[in-house]
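Structures are listed in the sections that come next.
Two complexes come next, and they have one chain in common, chain A, joined by chain B in the first and chain C in the second.
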Partner chain A sequence: MATNGAGRPRPRGSGFELYSWLFMRISGVLMLIFLLGHLYIMHIINSVEVVNYNFVAARWGTPLWRTWDLILLLLAALHGSNGLRILIDDYIHSHGWRVVALAVLYVLAIGFILGGSLVLFTFQPVAS
Partner chain B sequence: MKVKLRIKRFNPQKDRKPYWQEFEVEAEKTDRVLDALHQIRWYQDGTLGFRRSCAHGICGSDAMLINGKNRLACKALFADLGDYVTVEPLRGLPVLKDLIVDMEPFFAAYRAVKPYLINNDQPPLKERLQSPEERARFDDTTKCILCAACTTSCPSFWVNRDYLGPAAIVNAHRFIFDSRDQAAEERLDILASRDGVWRCRTIFNCTDACPRGIQVTKAIEEVKRAIMYAKV
Partner chain C sequence: MYKGGEGYWSWIFHRITGVGVALFLFIHVADTFIIGWGPGVYNAVTSLYRNPVFKIAEVILVAAVLYHALNGIRVILVDFWGEGVLKQRSIFWAEVVVFVILFVPTAILMLSRL
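What follows is the complex of A and B.
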């Protein structure tokens, strides 16, 4: 920590950490609702045996379910990667390693979101 | 009764690593750990290093890790601790010698939140008036004695020493919610930074540790909320 006789430098203020903190709370609650809904539909209303390619394909025939899954994907990926970002900030103190870890994290997060969205938006059911 | 103290010792001029040493002292149930430390320093081993000043729980000099919990040695009774007591220096601050830690990082964080009244109005002829309700708003956080028990019990602080820590936030709270003070916004800005309140994960160790019974976690949450209402 950079300190001198006069004390530590004034911390950098920015709204980002506030919004990150708020997002974690809101996305947590939303995910609880969406995930419980997802679990209820996939595992309780429908038995696991009927959940197969055709089931998912039929489900994705409606924009409602694609939107539902897109929201889940975004919330989970952003919530998870933001949590990891904070962990990296906390635990990795060497500047170099922190940059490396964050870079890997961002690439993975963006990869997951892009890959998932690509499937969600372009999926065309094929009869099987 | 006889009590055994297991003390973590370290002399940077001699030792490469801290080591444990046991002492046996005669003590009453109503004696405090500080009394036993005095016994040791005065009659058994004059090299034992620890800080204390008031010996009555008000100066905040002698916070240490006693039986795994941060407490003031001058308030920890053997009646509550039993006859085998471990004593270690506070965690998360560099050990200077035995039970003495370097408090400078702690006070640097304290100074960073501007823990003094800021009011640019003409000073009134008499005192600055405040209603009992306005005074009650920050009563809890006026009780802080800057012992560092809270900050050094915080896992977020252990892993990230840049975190300003609970004590700094408590002392910012004391002025942020003081109706006579005018720099709340500036302090909220400082605490909204990366190393401010968002590093708090509501673990509640600080509240547990505070020898003054301050609701530390609650004060931190109040500051978070104040930042949120000010900006969102």
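What follows is the complex of A and C.
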């Protein structure tokens, strides 16, 4: 338990868990730019009052914002679903329910990454 | 194993805010995916976010993201910086101060548009 203020202890060896631990820290630092920037621009400078179809269509007219959103989608979905995976491992002790929860998580995570990427790559604005 | 102290509570809040932000992320990817269905559907769905209940939830979301981000920086400092472990309590209270400085004006601005 992280009572000394550290995060999870660095996993031993060089397997998946070590890369997962490193990924959380690296993606976390990258999201200081991509997620805090997104929040600042979309929720503080702008607001939900001005975000509508035309706003997003204009924003996605520039490759910069499509790329920004794709990077943010991948970082956030992988960071978030990896965090949920760790919580499921920590808190669901029944083997059967843990398998069910992980299966639901993986299906949702893959579905949302594919669906989100699809709309970012294929979106063509229509007149509204 | 013991409970309590800055290290314990910062860790509990990190988990709670992480789950909250992750759940909202799934909702947010879904509402953005709907833009592919055209302006009518997208504008109808996203107009829900203009409800005052959602605007208050938006402020809570910003608080959760900001805490998770600042505490993540603290975790990285304690993990990778040699003196971080010794200074973890000071770093925690510095994090609280930075949180208040950044969040209070942001919340006032966001709530003033309610």
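In the analysis below, the second predicted complex is superposed on the first by the 106 of 128 C-alpha atoms of A that agree within 3 Å, B and C clash if a C-alpha of one lies under 4 Å from a C-alpha of the other, contacts with A are read in each partner's own complex, and residues count from 1 in each chain.
Keep in mind that, in the parts below, a contact is a pair of C-beta atoms (placed from the backbone, for glycine too) under 8 Å apart; a residue touches a chain by one contact, two chains touch by 3 or more.
A quick note: this is a predicted structure, and the numbers were derived from the prediction, not measured.
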#### Entry: First, second, both or neither for A:89, with chain B first and chain C second
first
### Task
Could you figure out whether chain B or chain C reaches more residues of chain A?
C
### Task
Go through the superposed model and pick first if A:17 touches only chain B, second if only chain C, both, or neither.
first
### Query
First (chain B), second (chain C), both or neither: which does A:81 touch?
second
### Message
For A:67 in the superposed arrangement: first (chain B), second (chain C), both or neither?
### Response
neither
### Query
Of the residues on chain A, which ones does chain B touch that chain C also touches?
1, 3, 7, 10
### Task
Write out the stretch or stretches of chain A touching chain C in their complex.
1-7, 10, 25, 28-29, 31-32, 35-36, 39, 43-44, 47-49, 51-54, 56-57, 73, 76-77, 80-81, 83-84, 87, 108, 112, 115-116, 118-119, 122-123, 126, 128
### Task
Would you tell me which residues of chain C are touching chain A in their complex?
1-3, 5-8, 10-11, 15, 18-19, 21-22, 25-26, 29-30, 32-33, 35-36, 38-40, 42-43, 46, 49-50, 54-55, 58, 62, 65-66, 69, 72-76, 78-80, 85, 88-89, 91-92, 106, 109-110, 113
### Message
Quick check: in the complex, which residue numbers of chain A touch chain B?
### Response
1, 3, 7-8, 10-15, 17-18, 20-22, 89-91, 93
### List of chain B residues in touch with chain A within their complex
104-105, 107-109, 111-112, 156, 159-162, 164, 189-190, 192-196, 198-199, 224, 227-228, 231-232
